[in-house]
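Structure record follows, encoded as structure tokens.
To keep things simple, chains are lettered A, B, C, D and E as they appear, and every chain counts its residues starting from 1.
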Amino acid sequence: MNSLQSYLLLSSLLFSIGLAGALTRRNAILVLIGIELMLNAANLNFIAFWRYGPAPEVLTGIMFTIFSISIAAAEAAVGLSIILAAYRHSRTTDLDQMNSLKG
Amino acid sequence: MVGEGILKGLAETARNFFGSYVSKDRLTTVQYPEQREPQIEATRDFPFLVYDGADWQQGMRCVACQICEKECPPKCIFIEKSKDKKPDAFGKMQIYPATFNIDISVCMSCQICVEVCPFDAIKMDVEYHQSSDDRFGALLLNKQRLSKSNEYYNAIHPTEASAVDAQRAEELAKLEAKAKAAAEVKAAAEAKAAADANPALNASPQQPAGDPQ
Amino acid sequence: MTHLALMTQHLDQIFVLTSHWLLSYLPIALQPLCSAILSVAAIIIAFATLFALTTLLERKGLGRMQNRYGPNRVGPCGLFQPLADGVKSLTKEDIVPIRADRAVHFMAPVLLVAASFMGYAVLPIGRNMVMVDMNAGVLFFFAIGSLMELAVFMAGWSSRSKYSLLGAMRAIAQMISYEVPLVLASVVVLMQAGSLSTVAIVNMQATYSGIWPHWFVFTPWGFAGFALFMIAATAESNRSPFDLPEGESEIIAGYYTEYSGFKFALFFLGEYIGMFATSGMAITLFLGGWSAPFSFLTWIPSYFWFFAKLLTIISVFIWIRGTLPRLRMDQLMNLAWQFMLPMTLLNLLTTGIWHFMLPGFLRWIVCSTMVIVPCILLGSGLKYKKKFQIRTYHFSQ
Amino acid sequence: MTTSFMILAVLTVAGTAAAMGLRNAVHCVLALALGFAGIAMLYLQLGAQFVGFTQILVYVGAVAILAVFAIMMTHNDKSMALPDSHSAWVAGCIVAVAVFAVLARAIVSSSASAQTQPPQPAATVQQIGNALMHRFVMPLEIMGLLLTAALIGAVVIAMDRREEMK
Amino acid sequence: MSTATLAAASLNLEPANESGMDQLLEIAMGPQHPSTHGVFRMNVVLDGERVVRLKPVFGYLHRNHEKIAENETYLGSMPYTDRLDYMCPLTNNWAYALAVEKLAGIQVPERAEYLRVITGELTRLQNHTCLIGFLMQDMGASGTPLMYAFRQREIILDLFEALTGARMMCNYMRFGGCRVDLPAGWLDQAKKVVAGFPRFLDEYESLLVSNEILMDRTQDVGVLSKELAISAGISGPMARASGVDYDIRKVDHYSIYDRFAFRVPLGSHGDVYDRFMIRLLEMRESVNILQQAMRDIPEGPIVDPKTKIRGFRPKPGEAYGRIEGPKGELGFYLVSDGSPNPYRYRVRPPSLINLTILEDLCLGRNVADIVVILGSIDIVMGEVDR
């Protein structure tokens, strides 16, 4: 049987991949995606802890994940629209070039 | 009410759907190779040459006058005159086409050649199965392939052909009458000549009815 | 009499029994796997055959509507036409544009077909004939449906053709917009059935009072929900009059312009399979799934009813396709957001009221009014806003 | 660890790693969709059916498509041809690896994480619904509000200013 | 630089960072495109799906018609005119015959005039039904209206074949009359067809006219203002849909149109729906004319006996003959120098002139609207390119 450990390791690996992406990519959209990935890793943690936790019938982990998914969806929508707005202004999605605060 | 027009349209297509099983008007498709539409008499596609009698070379009406060649808008007719002469349906010695080619890949079936022909020699065919994989050979019709009998002409365009036949018969009759008169004159002349014991030149027959133009 | 009852019952369960019989020869350990393979194979064969039949039916039906015969040359009544089409598409050259993204270009049709077939896992085709009775079956269905958008995008983007891209963009915008009313229209059933399991939903409808079944479509909210669901389903499956993504007179063939041969056929297959799946879901949710329309017809096998209903819906699709011209993009969006969305939300409210009102005549009147009046108002409001009308013309002199 | 877990883990990691590593942004998003689907299947494996399907519906069906749309809309020559080497590329990777090392060390050393799977808990949709409507009704309402706000906010931010001026 | 930026640069459009996130996409609709009505190309610059610029490109079907005619006898170009607007050969014949008759001062016998009116109006019927079918096809109606149109057109084409010998390339009119007289039973057949036509129109109308989708797709789409229609020289149903009261049958009083009571429908909006409706109404008027003509047709000769088929040489001079073709004003301008060939031969094709305003109608509209607008203009490339 799978142990909780394996899920946690996988989730931390996903978190690191997301982090690496968020830190290294220059395209704002991909950075946002990296952040989404980190959120997903956290969600996987919640579900794993719910599953292996002492009181799965309370569904706390599932609830947490559901809310987190909804927030992530909202975040993605707002984040991407901000990127679009920024793109319209500066004609680029390259974060290194979006270096001016002038609006 | 929104949707009314859409429902009306749906009713219309449904009527056509069921109507196609009932009414012949609504299913006009002709299942081509098995069924054919009845031949419409006036139909035309490509020209052919009419001949009288049994032998196409002997009875060819065309006298290689080259009017059609000149008048053909896309210039798809090629005629070469013969060196010698042969008697036509009226018995007159005429030249005939040594070559008569129609390139039906160029022909546009306008039937101007038919209209201008003074000898009723070229008519429009109804044979539309002309497809071939030989682009140059099969679509260049030569004299032999162009020749069709007067009976065939009568079969495909009965009204038009009978009018032509009647006219030709009339001309022939006129001609015969003339020939008879000439023969009588000649006989009389011969008699006279016999009486006069003077050799007479052989009179040539009269010009047949001539150009209708 | 009991003998007859047993026989009809056996006929009803013939596929289930056959499958059990076949599996009984296998070792216990292999049985679940083989059972799954058997069901998948059965579904693929059944619906691929239905696809073949539908293409023929569509062409013949459209033909008849247009006063033609339709295909009637290959085999008796053109019955082998789909076969000939299949052979043709298999033997055709597979052309990939030189600048296309080959991997994505290849994966798009595969993903589309796979995704469209996956939806059948939760569709109860007959009594006890469902692959997986999932607890969240309806959710699964819609989740899988959203995969198709990705496939469409992959096809349109990877072709590197302007028409493909335009088509893909249209398709995605359309599918996302109509997914909202599609899901919201089906939520009313979930509210009433109290379950996301397709089997539970069908079982709930397969009861009778007198001879009448308890199909959800025979309630005001159910009928409105069904109508809205079908409109959204038409748009989801890119059928006429919502076939903008492949509107051939505008953008050639939309996102699959650059596909040929068998991949093109796969798109065709995926689209039809998706249409059957959505129609099957409509049947499951509103038309009582495999249940017979009258209680005295229950002796006819359940799967027969499912396919009969499916074919009826397909025929309506064909009928509509033969009649209506295509909408324009902005009109399509307006319909989704200005008509479908408010109506589905209102329908949710109506369902709630229906749920809490006592059964009786009053409930019917209130709920019907709640559905019909806004529909008419919204419809004429839109018509008024657009200012389109049947015009009268004058003549000179 | 079962084979199915291994397969899913490899699929997910491959998908997400490709999503973060590929050059073409559209490829990234497609790979990401694969990664999201893998995570969803992990949820299913853990017995959280509802969450798994929601994951597919939201992430594959909506977020990935949204990202793709954003990429198409911001598609121009400048942003597509990003050089793959970056001044902070190495640093970023080192940070990520360090984070993973710390986390992994913590997980491996923790005694709590070593426990094996207890019997399958029931998490039917009905239970989730009941929980949402009773214990979690307040968060649910707030979530609804948040989503509405996000919807309006996204529309307002993304709206073309030129259209506004007209 | 991508094609889009190139296009933007070459067209001198607003600079990229002002146009926001929208990028311009240049697509070539045609010459191989399902709805360009032949080999026609529109180079469309799109902003999203909105048309920023549209450039019609034609000439793919150019075959030197006018120069060929100048090297052909007068009669020899008659079959070529069939091929101008191949949907309506008989009106082309008629316009050309009219021009030559004006040039040579030939009188047309009464019966021939009636024959010309009958065939001309039948041509109008079949052209308009087909046009509406094609328009619906462009709108995506899976061919149903088109098939109904073709079913009806087929009946009319059968009449043409029985009379002229060909379904489309009729080559029927001659200078000073027509080529052949009506065959036996033709008139009864035609009367039956014309009597059945209103029923078909009713069917067509119930399928289309009140359809909400159609109204939504066509109303206020491609609006052609009256002023633009007049200044661009638009003619035919297109001008009348914009409210220009201009029907050459009424203006020129050519042939014997004065003898028939018919009305000219006029539109008020000038949009696609008006163009479509005007054509439907015109068909009803054509049915009217046909019924009157078939009732009144006198006996008599069908061709002026004085005109020769061969050796036709009109006196030096020039003439312009025009008729109200189904698509608009179809005119032929001829200059004779006394030889058997025209010195100058020029066609005024309604399709080409009506096509000139395509860009004005399409700017700011959708891709989906372009094809509908193009369809409503009613072009035949044989006539546009000549």
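As a convention for this text, contacts are C-beta pairs under 8 Å (C-beta built on N, C-alpha and C of every residue); 3 or more make two chains touch, one makes a residue touch a chain.
Small disclaimer: the values here were computed from a predicted structure and weren't measured.
Think of each touching pair as a link: the shortest run of links from subunit B to subunit D has 2 of them.
Remark: among chain pairs C-D and B-C, C-D carries the greater number of C-beta contacts. Among the chains, the centre nearest to the mean of all shown protein C-alpha atoms is found for C.
In terms of their C-alpha centroids, the spacing between subunit A and subunit C amounts to 34 Å. Between subunit C and subunit E the centroid-to-centroid distance comes to 43 Å (mean Cα coordinates, whole Å). Subunit A and subunit D have Cα centroids separated by 5 Å.
Subunit A and subunit E have centres, each the mean of its CA atoms, that are 62 Å apart. Taken residue by residue, subunit B touches two or more other chains at 2-3, 6, 9, 12-13, 16, 26, 28, whereas all remaining positions touch fewer.
Annotation for subunit C: residues 65-68, 322-324, 383 touch two or more other chains. With touch defined as above, residues shared between interfaces to two or more other chains in subunit A number as follows: 84, 87-88, 91. The touching residues of subunit C, counted against subunit B in their complex, run 61, 64-69, 319-320, 322-324, 376, 379-380, 382-383. Residues 1-10, 12-21, 23-27, 29-30, 32-34, 36-37, 40, 43-44, 47-48, 50-52, 56-59, 61-63, 65-67, 69-78, 80-85, 87-88, 91-94 of subunit A are the ones that touch subunit D when the two sit in their complex. Subunit D makes touch with subunit C in their complex at residues 26-27, 30, 33, 49-50, 53-54, 56-57, 60-62, 64-65, 68-69, 72, 124-126. Chain contact summary for the complex, subunit B toward subunit E: residues 2-6, 8-9, 11-13, 16, 26, 28, 40-44, 67, 71, 73, 108-112, 115-116, 124, 159, 213. Note for the complex: subunit B touches subunit C at residues 1-3, 6, 9-10, 12-14, 16-17, 20-21, 26-29, 31.
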